[in-house]
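Heads up, the next two complexes both have chain A, just with different partners, chain B and then chain C.
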Partner chain A sequence: MAMVELNNLCKVYKTGSDTLTALDNLNLQLEKGDIFGFIGPNGAGKTTTIKIIATLLLPSAGTVRVNGVDALKEPGRARGFIGYMPDFFGVYDDIKVWEYLDFFAAAYKIPKDRRPGIISDVLELTDLSVKKDAYVESLSRGMKQRLCLAKTLVHDPPVMLLDEPASGLDPRARIEIRELLKELQAMGKTILISSHILPEMEEFCNKIGIIERGKMIVEGDVKTLAQNVRGYQSITLTVKANAEQALHMLQQMPELVQTPSICAENHKIAEGSLQMPRGCTLQFQYIGPPEEEYAVLQALVQAGIQVRSFFTPETDLEDLFMRVTKGQVA
Partner chain B sequence: MWNNPVLRKELLRYKLRNDKSARIAGLVITALFLLVLYLLTGRYILFGASQSVAYSVWQVIMGLQFTAFMLILPGTAGNIISKEREQQTLEMLLFTPLSSAEIIVGKLLSSLLLFAAMLLPLLPINILIWARLIAHSTHYPFIQFFQTYLTQFLIGYFILALSVFFSNLLSRSLYAILASYTTLFGLFCIGTGLLSGLVPSLVWLNPFVLFFEHSLAENQSPADVLSFTMALFLLTLLATVLLAVSIAKLRKPVQGM
Partner chain C sequence: MLSTIQEFFSHPVLVKELRSRMRGGRAFGLLFFYLGILILFLLGLYGSSGFRGFFDYSAHGKGSFIGAAIIGQITFRTLASIEFLMVIIISPAITAGSITLEKEQRTLDLLTMTPLKKSSLIAGKMATALAFTLLLILTTIPLCSICFLFGGVSPGSIFQTCLTLFSASVFMASLGIYWSSCCKTTVSAVMFSYSSLFVPYFLTMILGYMGLLSFQYHNPIILITSPVSDILTGLTSSSTLFGLSLWKGVGGSSLCLLSGILLCAAAGAQLESFPKRQGFALRILSLVLYMYLSLLFCSTWYTSLLSHGSILTAISPPAALLCLFIFMQCILTLFYTAGTLSAWECSNLLQRLRWGFSKAGFKSNCTASALPFVLLLCVGQCVMYPLYFYLIGMKQFITLIGLPPHLLSANSITTGLAPAWLHDPHLNGLGAPAILGMMLAVTFGIAMCSMFYGSIFNSRLLSGFVPVMLILVGWIFLLVHSAPPILKSILSAFNPLLPFLQLSPTASLLQSHAGSTSGMLAGSVAAIWFITGCIHLLGLMLYGRRFRSSAVRSLEEEMQEVQRA
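== the complex of A and B ==
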């Protein structure tokens, strides 16, 4: 059963005599454990979608199901399955961190004797244990963001809706949020996260959707998407020797490979990994059938070329984003 | 009632913070003020002056206290919900399983308790005056002591409910507070006076008339008791209706936005 299911969702805003179609027949299906990256330019309709799932906004048409519950008919029950972090939010800053969490735990009718355990668990998870007795006011912005995340976790919701949880944070705080999201992922939660910071999304999202002017333009697994959109998959190859021969071979496979070349600079596979010596790294674009790029590797190996690595570098989501969106706003 | 999370949260927020010196300074100032008041008036009222002077002093104290509350209360409660909206905490509050009634009632109770606490400092002097009054004659009905407090409390409830209503209805604290003051003074104090030419009994809806003309009056005319009781009942009923409307509307604007 899908944890989140949107069918033909539409939202029309009426401001005076103007009408604005913010969502146009949006469909989405998230399974348990999915981490869905919801990407789109400003004004695309991300916040609108998230608010509708969170039952804080009524759609003009369409259906929303959360964990099998019709969110329009039983908003209260649906909310119980959701942890929601708005894009803009405030905190009660004149109380202490644990009092803040205790208030939300009480609001979720968690019995008094179970609350201290839950509070220390969520504080631990969000790395705020040392701030337990501090006033919320004294927290930095990144800490407040984590406190808000801690608050959304007190009732252990299976679905999390996070509207730009890392916006306005410095790189370090963003990494902390990212680590936290990985932990939530490991706990098996279904997470929908909207963000503008694209490189971060591809690292832990197993699905992404790109929305523009209220329409889901593309949706699916990051790598497959990239190939579908671009029509090719870039591959980096390192050989022990005979780079020239490898290049020649690649040039002989025009139906699978285009623009093969030998990289001029030293190539580093990843941060801290060993450097591949100059002249031993090749790059090409694979244009054959999806998921059959091994055929190229097979041919090289059979020809006696000593291949040390063969991999697809991180998909450049930013490039993908620029390709599919037109920069138009609803 | 004590388990209402919203009430508990609001009470926590009243608590003066870390700042010990501010807390001590506040206590010392209050204590000094009361001490001076009690020293100046206490001996004189209790032993010196005549019964009627003591009674007048009581009237002045209660009258001042009542006027002060009329001026203060709309301001203290007028932002109670709009503030949550302004500091962007309302959405998360509405997202919890707390019922709309729990939220509104919790908010109202917290301001009602603050109001009740503000009635306390002058309570002892009023008790002392009445102890003297009833010890020496039967001219002054002891029931009047309770009646003034009850009247004050119910009018306070009305003002707070009115403020909570506007605080929920209008999204800005400033407008909500202005609307509370305007309704209280413009409609219920001045408006009823202007309209009393047409419907004389309307003047009873003026809280000042209720309190000064009846509750504090030395000789309460039996003919007025019915009007007084009716008016007080009406205000209480109106307050309760306003609260019910607030509860019904609390989650509406977000859903229908």
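== the complex of A and C ==
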């Protein structure tokens, strides 16, 4: 059963005499454990979609099901399955961190004797235990963001809707949030996360959807998407020697490989890992049938070329994003 | 029982609000300031020479007990009136920000996501605000005890005053919370709550001008703005309500409490994100308030008839009652129909209006189906009206409201009041059919007007503004002497109280309408409002045609959301 299911979702705003279509027949299906990255330019309809799933807005047409519950007919039941974190996190004045969490725990009707345990658990998870007795307004922005995440975890929801959790945070706070999300992923939660900071998304999302002017332009697995959109998959190959021979071999396979070349500079495979010496790294674009790129490797190895590594670098989401969107805002 | 109390005190909103309210120096600062002002007034009063002179050289002889008692009473009334003034200023200030702050800090969405009901949220906020005003009221009791030095004031009357003050603060606080749930910012909520406090005062001014307030200390409109006036004047304070002997000022207090509950329910309905589900309770509540107000009016009218019956001859009492009904009808119509109609509602307006008469439509809260409800109120009130007087004519009812029957049997007004409703010489041809027709037409006209402007301009404020302006135009053209007579006689018919003016001492204003009876005036009012209503209905239907083709189901007006998204 899908945890989140949107069918033909439409949202039309009336501004005086003219109408504005914020969402246009949006469809989406998320299974348990999915981490869905919701990407789009500002004003594309990300927040509107999240608010509709969170039962805070009524759609003009379409249906929303959360964990099998019709969110439009039974908003009260659907809300129980959802943890919602808005893009702008507000604080109450004159209230301490634990009191803030206690307030929401009480609002979620968690019995009084269970609350202290839950509060210390979520504070532990969000790394805020030391700030338990601090006033909320004294926290830094990143801490507030984490506190808000802690608040959404108080009732242990299976579905989490996070609207731009990393916006306005410094790099360190952003990495902390990312680590936190990875932990949530390990807990088996279905997470829908919207952002426009793309490199973060590709690291932990298993699905992405790009939305523009209320329409879902592309949706699916990050890597397949990239290949579908670009029509190729870029592969980096490192050999011990004989780079020219390898290049020659690649050039012999035009049905599978296109634009092979030897990298001119030292190639860095991944952050902090070893650097490949100059002249031993090749790059090419694989255009054959998807998930059969091993055929190229097989051919190279059979020809006696000593292959040290053969891998697909992280998909460049920003490139993908720029390709599918046109910079139009609804 | 005990668990319910425990549950209430562990209410999350209550706990959180109490924590943050009493934290830091603000609450104590306010308390200090409040008591400081009261003490200053008390000292000033005590030190003033006239006050002392009253004690020394009163007619009752130097140092007499009666003189002392009078001083005690004056001190007490001064304290109570200043206290009242401060409470009505402070209580809306506490609640006006309570919901708007949640909106400004964007925590309202987070609260909406919890299973916490909106009514529960309002209840929690109200309980905290009232706890604080109760603290303010209770801390003045030691100050009041200075009156015991002089005498003349019983502990019971201090308790009664506290009760009245508290019920006044319930009304003021709920007014604040209602505006808080309507407005987007704290500033506008504060502005609206203070300015709406003046509306009842303004209404009483108009009524007073018409000579309708000759028994003003028992007029419900005055009671609701100042239930304390009952105690302060000490003249007509009545502790009976429908024959039950309660505390002084019980009429005003009960009215305040009832309207407070209605306003809180309205605030809760306003906050609901899927608003179509909350309508029923709200409508029943306003029906109850409406009926209670008229019963209270009848009851208090007879109570003051008992004390000084001659004043009442200024205007025929049934006419005064009818004026009040029409006021209430206009306000309730605006309350229910002001607001924006969605494009979907416009496109099948007639269906919606018809739907309002069905059971489901009556329970819903959508604007278009509210029209049948307000029309129903109108008919209900017109049917209830002769019933009240029929009841009053009965001896059982007279004993029920605690009046000695022999006093009333001599009064000619009461005999045959129910038949007079159909053909009343006092009302100058203003019989039941004429009044019912006029009230229906005015309700229809106001409803259509507010729906039309709400939809066209997409603003709830503007939708209520236009019908109010039309009524004001009616008043203004009545008062402007140089206006052309035709224009004057047409435009002044926008004033729904026009037929009653002829019965009042201010009938001289109606020179342009010379020769027409009140019934004819009612006819002209009905005609002009009916025509206005029809024009706006037509406009609304034409406007709705544009949306008929689009696949839009229902629309919310959340411009801010779009801009933010």
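Convention: the second predicted complex is superposed on the first by the 329 of 330 C-alpha atoms of A that agree within 3 Å, B and C clash if a C-alpha of one lies under 4 Å from a C-alpha of the other, contacts with A are read in each partner's own complex, and residues count from 1 in each chain.
Please note the rule applied: a residue touches a chain if its C-beta (ideal position, glycine included) is under 8 Å from a C-beta of that chain, and two chains touch if they have at least 3 such contacts.
Being a predicted model, the structure only gives us computed values, none of them experimental.
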item	value
Clash or fit (per the criteria above) of chain B with chain C on chain A	clash
First (chain B), second (chain C), both or neither touched by A:Val12	second
Of chain C and chain B, partner touching more chain A residues	C
Contacts of A:Leu20 with chain B and chain C, given as first, second, both or neither	second
First (chain B), second (chain C), both or neither touched by A:Ser60	second
Partner chain in contact with A:Gly90 - chain B first, chain C second, else both or neither	both
Touched partner set for A:Gly80, first chain B, second chain C, both or neither	both
First, second, both or neither for A:Val301, with chain B first and chain C second	neither
Which of chain B and chain C A:Glu99 touches, first, second, both or neither	both
Contacts of A:Gly45 with chain B and chain C, given as first, second, both or neither	second
Set intersection of chain A contacts, chain C complex versus chain B complex	54-58, 76, 79-80, 84, 86, 88-92, 94-95, 99, 103-104, 106-109, 151
Partner chain B, residues of chain A touching it in the complex	54-58, 76, 79-80, 84, 86, 88-92, 94-95, 99, 103-104, 106-109, 135, 148, 151
Parts of chain A lying in touch with chain C, wherever the complex brings them together	10, 12-16, 19-20, 22, 43, 45-48, 51, 54-58, 60-61, 75-76, 79-80, 82, 84, 86, 88-95, 99, 103-104, 106-109, 112, 151
Complex contacts: residues of chain C adjacent to chain A	10-13, 15-16, 19-20, 23-24, 104-107, 109-116, 273-274, 342-343, 458, 550-559, 561-562, 564-565
In the complex with chain A, residue positions of chain B that touch it	3, 5-6, 8-9, 12-13, 17-18, 87-89, 91-98, 254-257
